[in-house]
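Pasting the structures here.
Heads up, the next two complexes both have subunit A, just with different partners, subunit B and then subunit C.
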Partner chain A sequence: MGPSVGLVLLFYFIPVILTFLIAFTDMGRTLIWRFIGLDNFARLFGVGSRDPLIPRILLNTIVYTLGALPLTIVGGLLIAVLSMRMRPSAGLFFRSVFFIPRAIPPVVWGFLWAWSFEGTRYGLFNAILAALGLPTVQWLIRYPMIIVILANGFLGISLAMLVFSAAIATIPQELTRAAEVDGASEGQVIRYVILPMLKWPILTMTAWHLMSFLNSYVYIMLITGGGPYYATEVWSLYAYHAAFTQYRYGYGASLVVLLVVVNVVLFLIILKAFGMQRMLTRGKIEV
Partner chain B sequence: MAYKRGTKAIPYLILGFVAAPFLIMYVGFFLRAFGEKMVLGIIPAQWGIYNFRFLWQPITWGLEQTTMWTAFGNTMFFATLSGFIVTVICMLAGYALSRVEFRGRSFFLILQLVLHAVPGQILLIAVFFLLLYIGLLHRIPGVALARAALEIPLGVWMAKGFFDGIPWDVERAAMVDGCTRLQVWYKIFLPLVKPGIAAVFIWGFLFAWHDFIYVYTLLPGTIKVMATLIQSLLATEVIDYGYLAALSLIYSIPPLSLFIFLQRALLKVPIFGGKGT
Partner chain C sequence: MKVFLDRLSKYFGQVKAVDNLTLAIEDGEFVALLGPSGCGKTTTLLTIAGFYKPTAGFVLFDDKVVNELPPRERNIGMVFQSYALYPHMSVLDNITFPLRLKKVSRKERETKAKALASLLRIEDILERKPAEISGGQQQRVALARALIKEPGLLLLDEPLSNLDAKLRVTMRAEIKRLQKDLGITTILVTHDQVEAMTMADRIAVLETGKLQQVGPPEELYNSPANLFVAGFIGTPPMNFLAATLEKREGKFFITTERFCLPLPDSVTMKICQIPTPHDVIVGIRPENISIGQGEIRGEIYVVEPLGRDTLVSLHIGTEIIKVIAPPTFRASPGEQVQLTFSEEKVHLFDKETGKSLLV
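Then we have the complex of A and B:
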């Protein structure tokens, strides 16, 4: 018990507190603590010397989250429902294909996308286009946000699909059989029997992925690096870049503080909506 | 299932259509790794292992040089250490949560959920300073410790689930026969939860093996693990995609094989079926 609490304290609580402290300094390359009050936040909220990139970053974050979240939930549902209504071996095959993103390391997943959508004819899809005699496309320059949303969305799908499939597997056969005997079509069985039973998993997965998309930047960093020209720079990635490529740790930390505040508020809303007790008791069944 | 044959094809068509680009990507990846001269960009005219030359040659980019085996060894060390820390801590804490009623137990559970809402990757700036101040920055053990801390909240839940699956009676019988609580843990539980231990270890190992952002940020450029090595090669001017595909393939083999094993371990865990539910 002790070591667990200790390590969690050391690498969660102290970092949270440290982040808050650093956010009020102009910590830079020299690593000297100098408190400057609310200057970082004033800059963020556009008071005084404002950061001209903030509106762009905010918009990117919203577009990215609102794009990837529905893709994950709808895609996960589609794959889970359809694969569970097939022959078991075929269903397993499709679930394996869509689980691969999570089974391979992030760098490899990032490499796959960066290579597949490479702008020259050395990229996979451009090579296919060129082989068919079609003009090549500068994927990562023309559609960076769509690619980033797809790459992250299918990563979310790999988890959502598993959770939904597991939930579908617990639906008693009698229910779907009874509906079929009563003359329900395939679509009606899905709409009126299966989907209502998935209400809880859909809610948890939505909450889960809302948080994870809001905070994820690793795949964006690997595929586009936030570019071209800030087109895919989301809030968390901007914080990372501020700290570790521009060495403005103080400013980066203030960006993180805002993100943490948004996270905690969202988390409290979710807990309130779901009910703490249900979350605690159902938690261990889900994953 | 024999009736309504007509509609049965539709799920296959839809999923086939969605899966097609991914299948092309995966197959293309393999062809690229094993192909030497490419026809039309994607079809190999000649098979071979030239792309795997890093297995016996040093890897160079820019002015830097390393070998695949150094990076592979570093990754193995980092992941094993991280997995080991996760296992020991989660097993002890999971047992305590599952068996011992102490004050603040539910508070601790809620706390773990709250902690999960603030993921480690956005606390990286503070972790950087923390490791700097305790003198563990730029060292594999320090980064492994920080990485292990990320997996502990969920790992404890997982371990608790395994312990919940073992009926009280087994434990009570041992206590009646005169075992102390620590002896119960060591003599009765450990053998029963071996698959659980394997699962938690593999789980901690996998996340550390997959990790990119921690090692990229907190380790110096001179200590390369597989993830940062591949990223460095991707960031160079001239990218040899075949070479990188081969390197990525080698890097992906351990996690892919472990995932298969993890599923088996998870399936045969409890004595009376059901994972604590």
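Then we have the complex of A and C:
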């Protein structure tokens, strides 16, 4: 117990507390700092010397999250349900294909997308267009948001699909057979029996990926770097840029602190709205 | 609805789960598929329901081949062994689900559900979830759900095996009565011969996918076609003794090292074509043996009073047989007794083939 508590303090609580503290300073490249009270937050909320990029970043974050989240959940469900109703071998193959994004290193996944949508004729899709004698497209300039949503959505899909498939595998075969005898078509079996029984996994995955899309920026950084001209700069990436490319540690920390607050609030809302607390405390598995 | 299984086979790779099964079931009849675990009962039922395509042969409903018809179009009701109630729906929603799929109006659905619920005495639990009711109630709900669309055929897979012993006896009678009241063609799958005997109009006995015998309960009990059926039906089971069939001066006898039993004319009539001597297995039910006097000597092994009668195990030579004696019977282990077999109740089976020589 003793040493592990120390480790948790050292690597978990202290950085969190430090971040909170730095958010109230003007720490910069020199690491010399001075408490400036709520100045960083005032800037964020557009009071006094406001940050003109904030509305843009906020909108990007919302569009990105609202794009990638439904893609992940609906896509994951679709693949899980279809693959679990196929012949077992076909289903396994299908699931393996959609698991690839998780199985390869992030850098490779990011590069794959960046290369596929590269604007010169060396990009995959442009090479195809060129081979067909069609004009090439500046994908990453014209559709940057769609591309980062897809890249992250497919990653989300592979986890969601896995979780949903595992949940479907626990549904007793007699239940779906009963539904068929009762007169349900394939679609009705899915709608009336399988989906309702996936309620908890769907809620869990929704909460999980909501947080994940709000907080992670790695793939956006690898594919578009947040550009072109802030078109895909989301909140967490902006915080990263503020802290580690512009060395405005104090301001970056305040961006992160606000994100953490939003996370906590969203988490509480989800708990409340879906009665997930009941699920957590009762440990209830409906079978 | 009439059901006809025509040379039906279902293989899983090398396993012949159902092997060349032919069985005709009349409209309104209650038939039990009886056999030990793994003999292919569930596979037969699932093939009738349409979940499995026959490897060979045909399933006919009212003289029409339905091999290609998916389960939802077969107009069947089914109660699964686990009951398979939808856990996220209330009891009422479970029962009305088949009608909801048929787009029957809510009002009509609920009227029908309430009528069935009162028939099955579950009106008080309609708002609850399946997890909140007892096993016996779950089974009634499963029955109600199977019956609400008024199917032409009701399939029951081991419906009583998850209930406690007392409830099983009650539900046995209730299901039988319900089936007679509704007149719905019913196939019951069970490994419990008492269940099959008490509930069904006819029983089809299966072993390793093959039909052994089909007939009314009394027929299976009184004239089993082979050793398997004879041993499977009846508790305590029939006693078997190896013997030789002999013919002396125009009369048939069965002889063992221990005794020689003349056969009555009723039996002799059926076996007069058989060349003698012939190796046979003699079968005699525990209730067809009486202790007191007779040619056959035995030694008491153990006496088990059951209240209504007394079960006596005794040795004849090295073999153990069981006898049902009157409740007043007393004896101590090791005591020598004399026995009589009711000769007209003796069964004879060919030792080689196991087939009955009397049917």
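By definition in this document, the second predicted complex is superposed on the first by the 267 of 287 C-alpha atoms of A that agree within 3 Å, B and C clash if a C-alpha of one lies under 4 Å from a C-alpha of the other, contacts with A are read in each partner's own complex, and residues count from 1 in each chain.
Operating definition for what follows: a contact is a pair of C-beta atoms (placed from the backbone, for glycine too) under 8 Å apart; a residue touches a chain by one contact, two chains touch by 3 or more.
Note that this is a predicted model, so its numbers are computed, not measured.
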Check subunit A with both subunit B and subunit C modelled on it and let me know: fit or clash. fit
Subunit B or subunit C, by number of subunit A residues touched: B
With the C-alpha centre of subunit A at the apex, what angle separates the C-alpha centres of subunit B and subunit C, reported to the nearest 10°? 80
Is A:172 touching anything from subunit B or subunit C once the two structures are fitted on A? First, second, both or neither. second
Looking at the overlay, what does A:185 touch: subunit B (first), subunit C (second), both, or neither? both
Quick check on the superposed pair: does A:216 touch subunit B, subunit C, both, or neither? Answer first, second, both or neither. first
Quick one: is A:45 in contact with subunit B, with subunit C, with both, or with neither? Answer first, second, both or neither. neither
Quick one: classify A:229 as touching subunit B (first), subunit C (second), both or neither. neither
Rounded to whole Å, the nearest C-alpha atoms of subunit B and subunit C in the superposition sit apart by 5
Following superposition on chain A, which residues of subunit A contact subunit B and also contact subunit C? 185, 287
Could you list, by residue number, the parts of subunit B that touch subunit A in their complex? 4, 7, 10-12, 14-15, 18-19, 22-26, 28-29, 32, 38, 40-42, 85, 88-90, 92-93, 96, 106, 108-110, 112-115, 117-130, 132, 145-146, 148-150, 152-154, 156-157, 160-161, 164, 209-210, 212-213, 217, 226-227, 230-231, 234, 239, 241, 244-245, 248, 251-252, 255-256, 259, 275-277
Subunit B contact footprint on subunit A (complex, rising order): 1, 3-5, 7-8, 10-12, 14-19, 22, 31, 75, 78-79, 82-83, 85-86, 90, 94, 97-98, 100, 103-108, 111-112, 114-116, 118, 121-122, 124-128, 130-131, 154, 185-186, 211-212, 215-218, 221-222, 236, 239-240, 243-244, 249, 252-253, 256, 259-260, 263-264, 266-267, 271, 276, 279-280, 283-285, 287
In the complex, subunit A residues that touch subunit C: 172, 174-175, 177-185, 188, 192-193, 196-197, 199, 286-287
Within the complex, subunit A is touched by subunit C residues 46, 49, 51, 70-72, 74, 76-78, 80-82, 84-89, 97-98, 101-102, 131, 145-146, 149
